[in-house]
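Below you'll find the structures, each written out as structure tokens.
Paired with subunit B in one complex and with subunit C in the other, subunit A is shared by the two complexes that follow.
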Partner chain A sequence: MELKLIRPELLTMTAQELRALYPILILVIGSLLAIVLSVIKLLSPKFSVFFTTVLVSVAAGLVALDFFGAPPVPLFNHMMVVDPFSTFFTVLFVGALLVSCLVSFRYLDREKIQHPEYYILMLFSVIGMILMASSLDLIVLFIALELMSLSVYVLVGFRRADRRSNEAAIKYFILGSVASAILLYGAAILYGCTGTMNLAEILPILSRSPEVQGPLFVVGMWLVVVGFLFKVASVPFHMWMPDIYEGAPTPVTGFMTSGIKAAAFATFLRVLFSLGYGKAMTEAIQVNVHDLLWVIAVATMVVGNLIALTQTNLKRMLAYSSIAHTGYLMIGLLSGHKSEFGYAPIAMYLVGYSIMNLGAFALLSMVGGREDHGLNLQDFSGLGKREPWLAFAMSVFLFSMAGVPPTAGFVSKYFLLYGAVQAGEVPLVVIAVLCSAVSVYYYLRVLVYMYMKDPVGAPSGSRHSLWAGAALTAMVVLTLQVGIMPARLFEMARVALASF
Partner chain B sequence: MNSLNLSTLIVEPWIVLSFGAIIFTIGLFGVIIRKNILIIMMCVELMLNAVNLTFVVFSNQLTDMAGQMSVFFIMTVAAAEGAIGLALVIAMFRTLRGVETDQIQLLRE
Partner chain C sequence: MDWFNQHLLTCLVFVPLVWGLVSLAFPAQGEGARKLFFAWALVGSVIAFAISLVLLNQYDPHGAEFQFVEKAPWIVNLGIHYQLGLDGLSLWLVMLTTFLMPIVILASLLAVEEKFKGYFFLLLFLESGMLGAFVVTDIFLFYVFWEAMLIPMYFLIGVWGGKQRIYAAMKFFLYTMVGSLLMLVAIFYLSYQHKVQFGAFSTDILSLYKVQIPFAGFSSPQALLFLAFALAFAIKVPLFPLHTWLPDAHVQAPTSGSVILAGVLLKMGGYGFMRFAFPLFPQAVAYFQVTFLTLGSIAIIYGAFVAMVQPDIKKLVAYSSVSHMGYVIIGLFSLNAVGVTGAYYQMLNHGISTGGLFLLVGMIYERRHTREISDFGGITKVMPVFAVAFMIITLSSIALPGTNGFIGEFMILLGTWKANKAAAVVSGFGVIFGAIYMLWMFQRVMFGKVTHEANRHLKDLSIREMAVLAPLIVAVFAMGIFPMYFFNKLEPSIDRFIQRSAGAITFSSDVR
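Right, the complex of A and B next:
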């Protein structure tokens, strides 16, 4: 009997397609290898899995960087695409994975939760992020989102003996699943309106027949947008974030601020543009979306910064500052289609923001005591005398978050606001600058505690991990390097977002 | 006496779609109102199944198999989600001795 294939070309793969898939393939093979290594007791799973993860992330990052700039390669019957956009974010996700792993090694020993599953779950969630950024199909997007989220739910609750960690995991799980369900319901409605789940096909349909954009389409689009607003934690869907950031193990929090936020924003961008934002949307819907997102952006900036003022726990303070940064990022979203930079400032901001946050949380996990106690402001008193190098690194990150030159935070905020002024969003820029001015207070308060107060307690005397120190140094160097020489990164961001 | 002929019974798509929307809303409100985490998880499942129903109706309307295929994927993901959720609930029960949302208020200042 002869088997007849309807579309045989779907079963083969060209060399270029395979090359485009290399980063994902390396990560998948690496995670499977890590699972096998984790049960071979002869090799000490602790080291073998850790080194596998580090090597795999370095390899995947280099391969992705090598592929950057190549023309888009559609894969699997246009279910996903590997274009400069997804490659750019692949490098970012893999970088976040590498830094988080290096920081986690000693941290897990200290917390007595050194299980190989930790690294394997991180690998899986990064695979989910990469698939998310490269998905072109709403169902692939949903599955990738769940792959990322389900791994991170477990990572958040990884300190199983700690009540706060459990509580954070449960809260994240419930709110995350509700957000995914809302997003999925929106996807179902969009499918009903447009007749396709492929993001690349939706845009032509919308511009060919604007009558598709009826009330049902608007409902579906808003459900999807709300799902993403949940994931990026913008006001009014931000309540979960501080609790979860506080309860999660510190390296995982760093991983979440950089990886998950970037993945959610990247996918949000792709979906929003596929729904015709700034292009094929009818005038009425476009104005509606713009105005509502405008209000949300302002509320996110104001609420995030104002509540951060009153926080005494540094992890919680950084969580609120993360909400505020979501607000700044939304400015880029609102102004991109009218400025000459396009949406490049968003990609740039995500990179800069990831670098400084990864660094700050790396530092918190080195400074913090057991069970993540000792992360209150008082515990940082006199850090400048006790640990001058750590205090210097923290100052660099805090200056960067506040947007003081010459740091990554300043440059990315500059491009973002410059683009917004060009697009005529002057009120938004004024509000953003005022909010940044407010944020200087709570960032610099940490510096006051570090340098102008007397040290409390005896110096810990414990030596810091070499791995975490290396990661921290790299983040300081990158923060300053991007701040002083932003041209190369900005050019990459432009290439990445050229298609939008 | 004529019996009900099932072959001529037509269910209008909008009825099923509204049914899906109602179930989805019930699930959403359940998540917001209920206190027991197990019941909250059931409500999330309810939401996902409402989505499934919507996909099937649209798939039938559009005579396109993609919608019905996605139902399988969503069911699989929902099962994985349930497994992880229950594992988290067990971990939580071990340390907190309860599964009510009232008890989880440590992280609030």
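Right, the complex of A and C next:
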């Protein structure tokens, strides 16, 4: 190897590139610091690691927010890019991290699993998510995906003494690995067809020479798409989700509904776009992909909502509701290229959805008893009387999930479905609204228990964690704030999606 | 003061809500809680009524367009503005709302036994929602208020209702939700058509009126859009065969809920037809005219028959609502000035008379804790004042000349006769059936011997209850004897409405 092969621009970094990397750098340094702190018994790791994580996530979030709107910065020989799109999602992931940490603190004490590794794993998985959203290369994407998934597999099984938690972790690990393998196989085939791993290069190749899009390309593309469909839990690849959502520690479930779902969708979006969906695909493939996604979207909405109707455990119910929301998001995914809004409603929906789910799971972690008992519908009887503020917060989240104004859930759905109508998907939108009318039933049933039934047992009298309370309040405020003033968020989503 | 004059409608809409929010800070426990929240809510609703009187006073009766207009950018990227305006169509419904609200609150001093804070807060919240829906001129904002209104009503029925309250509340919410979600899809389509035709997103009602939607029979866009809107409003009215939520909701709701439901919420459906469905889709309206006249006539007759056999007074009144709101539908779909004015007037009448009936039923229920007709009899002797009030409201409900009901039903039948003779004849019978079931009920409850010991010592109306009923009785006669006062402010807006909606109707020569 001769010296001249080394390209100096790959070894140096401009100030702008460094700035673009700040959020990731802060998180990496933070997690290293947390590892060190976790062995310094003198400082009580419980507090030092917790505070490090909180401070780091706040710092990373602010830095990312500050960088938002700057022109895209390609990094590491175009292996990844920091553009408004990835920055937008960085803020979302870091927000999810912050809320989940605040909620976990007391929860881990209660479950007697207060180990510093918990926060460190969360930091790792958020780094993975950010890398996923900013990767431009299928290899980097895969590594980032694994970084995120492996951390979360462990988090899901963090309640080691609980069999359900263990079962969930094993299930998630096995099924998740299968999905990753499928994705990887698809990526390999795509490389074989197009001769590149770089997402930014695939699109020009596809439009320049449509003959690349032979049967092999279709197989590779479908394998990649199926890998993502698995990650976002759309029917028929949704089976893993309810068990895992139920078995995981409650704050981790909240973290998964927001962070993982957003990361998977963000990457799905970028990959689907790069594979030429709505842009460079040949007519036949385009129609094929569109129709299949259409069917999957409908199946996801219908199955998710119908099964959620019969659930009595709140965590499980929210898991199925999460599947249903995946269905709504699929609508945005398959119609975005034809609507005036583009894919912006998806980004907005993911934010709105994350806010209300983080809030709802924060609340479940506060209300639930040891080993996650007390999360059945009956346990919510008379919550309105026992804990008026918690019940109020829960009502806000539930109305938001049901899409009742003036909440974040309503405006997100409004933008999403409006975009789909612009793309001419009226029948799909009609199905979606009918499904969401069905969903009103199971969301409202929780309200029935909270407000219209008499309390069971005596008030627990336990004081709630201040941290979790603060996170919960913030989520209530954000749900209403986005619901009443959505223009700014939508504009941000638009800027984010304009970058590719 | 200047700011107040420029933002009259904003003040009107948000004063009750803000007033209610303040009350959330008060301590909920203790002896005085009931009186405290009651008095606070009463003052709040009276303030809203006062603001609406200012509006009534400043309203220019010659204007056909929106007055007191307020406009502020909201979600600019979608052309959504916070905009309010008042025209003749909204004016009287706003007045009805602010007029009924203090009455309802006054009547519910003893209606609930617990959770006073939540109860009175929700009433104020509901008032804000209803007023908002009547005065907005932006369809997105309308949808927000239309849906937000469900939340307090859901809780009022579900928390303070009767035995089957949860079932009734859920049914109420789901019915309305299904209708309104389909309307939402239609709103998307419509406002996107505005973008296609005029190059900008808009949800302003007046701009949307200009959008041309192709019409060619049943499965054309315009017809489907009309049906989506009509479904939402027909459920709310409620029109046969979508009325089945109403008896449950009415019977299970606390008195205040029933009064507001009958008095104002059902009017939201009629108002929706007038504000949106008709002017937006004139050709579809013409196409479906006969269908809706038929459904309206069926509702009138069917509601009357079902009401006749009800053993429960409240249920009887609920079915009479179905019948009476059928008149509103046929009046609207007659699509001529007389019929539409009558329909509008009938909405106000129904608010007063059915609201009154529910209050009366509530009063007697508070005394006897039963609503079965067979548990009563000879009440006139024990409660003479109550009997007089009941009589007057009953007569108003069956449209005796001199009361408000007569004006409305007469005009509706007149208008319908011009449009469709068969519908007029059929619904004419409804008037007779209405008299039968109401008077028969009245006779069984009030006249005859006192058959139940428990009825022998019922207390007559208290001063507070008289104060509740007096304004309604005054309104019954005022509206029956001086209808022109109301019509004057209504006429220009109705004419404009007809102009927009009936363009596609071809009248036979003898009508014009």
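By our rule, the second predicted complex is superposed on the first by the 494 of 500 C-alpha atoms of A that agree within 3 Å, B and C clash if a C-alpha of one lies under 4 Å from a C-alpha of the other, contacts with A are read in each partner's own complex, and residues count from 1 in each chain.
Assume contacts are C-beta pairs under 8 Å (C-beta built on N, C-alpha and C of every residue); 3 or more make two chains touch, one makes a residue touch a chain.
The model shown is predicted, which means the values in this text are computed figures rather than measured ones.
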More subunit A residues in contact - subunit B or subunit C: B
Subunit B versus subunit C as contact partner of A:Ser44, first or second or both or neither: neither
Partner chain(s) touched by A:Ala161 [first = subunit B, second = subunit C, both, neither]: first
First (subunit B), second (subunit C), both or neither touched by A:Ser207: neither
Touched partner set for A:Glu146, first subunit B, second subunit C, both or neither: first
Partner chain(s) touched by A:Ala169 [first = subunit B, second = subunit C, both, neither]: first
Touched partner set for A:Val430, first subunit B, second subunit C, both or neither: second
Which superposed partner A:Ser177 touches (first subunit B, second subunit C, both, neither): first
Partner chain in contact with A:Thr14 - subunit B first, subunit C second, else both or neither: neither
Shared subunit A surface residues [contacts with subunit B and with subunit C]: none
Residues of subunit A touching subunit C in the complex: 340, 399, 404-406, 410, 414-415, 417-418, 421-422, 426, 429-430, 433-434, 436-437, 440-441, 444-445, 447-448, 451-452, 486-487, 490-491, 494
Residue ranges of subunit B in contact with subunit A within the complex: 17, 24, 27-28, 31, 37, 40-41, 44, 47-48, 50-51, 54-55, 57-58, 61-62, 64, 66-67, 69-70, 73-74, 77, 80-81, 84-85, 87-89, 91-92, 94-96, 104, 106-109
Subunit A residues touching subunit B - in the complex, by the definition given at the top: 139, 142-143, 146, 150, 153-154, 157, 160-164, 166-171, 173-174, 177-178, 181-182, 184-185, 188-189, 191-192, 195-197, 242-243, 246-247, 311, 313, 316
Subunit A contact footprint on subunit C (complex, rising order): 74-78, 140, 143-144, 147-148, 150-151, 154-155, 158-159, 165-166, 169-170, 173-174, 177-178, 181-182, 184-185, 188-189, 191-192, 195
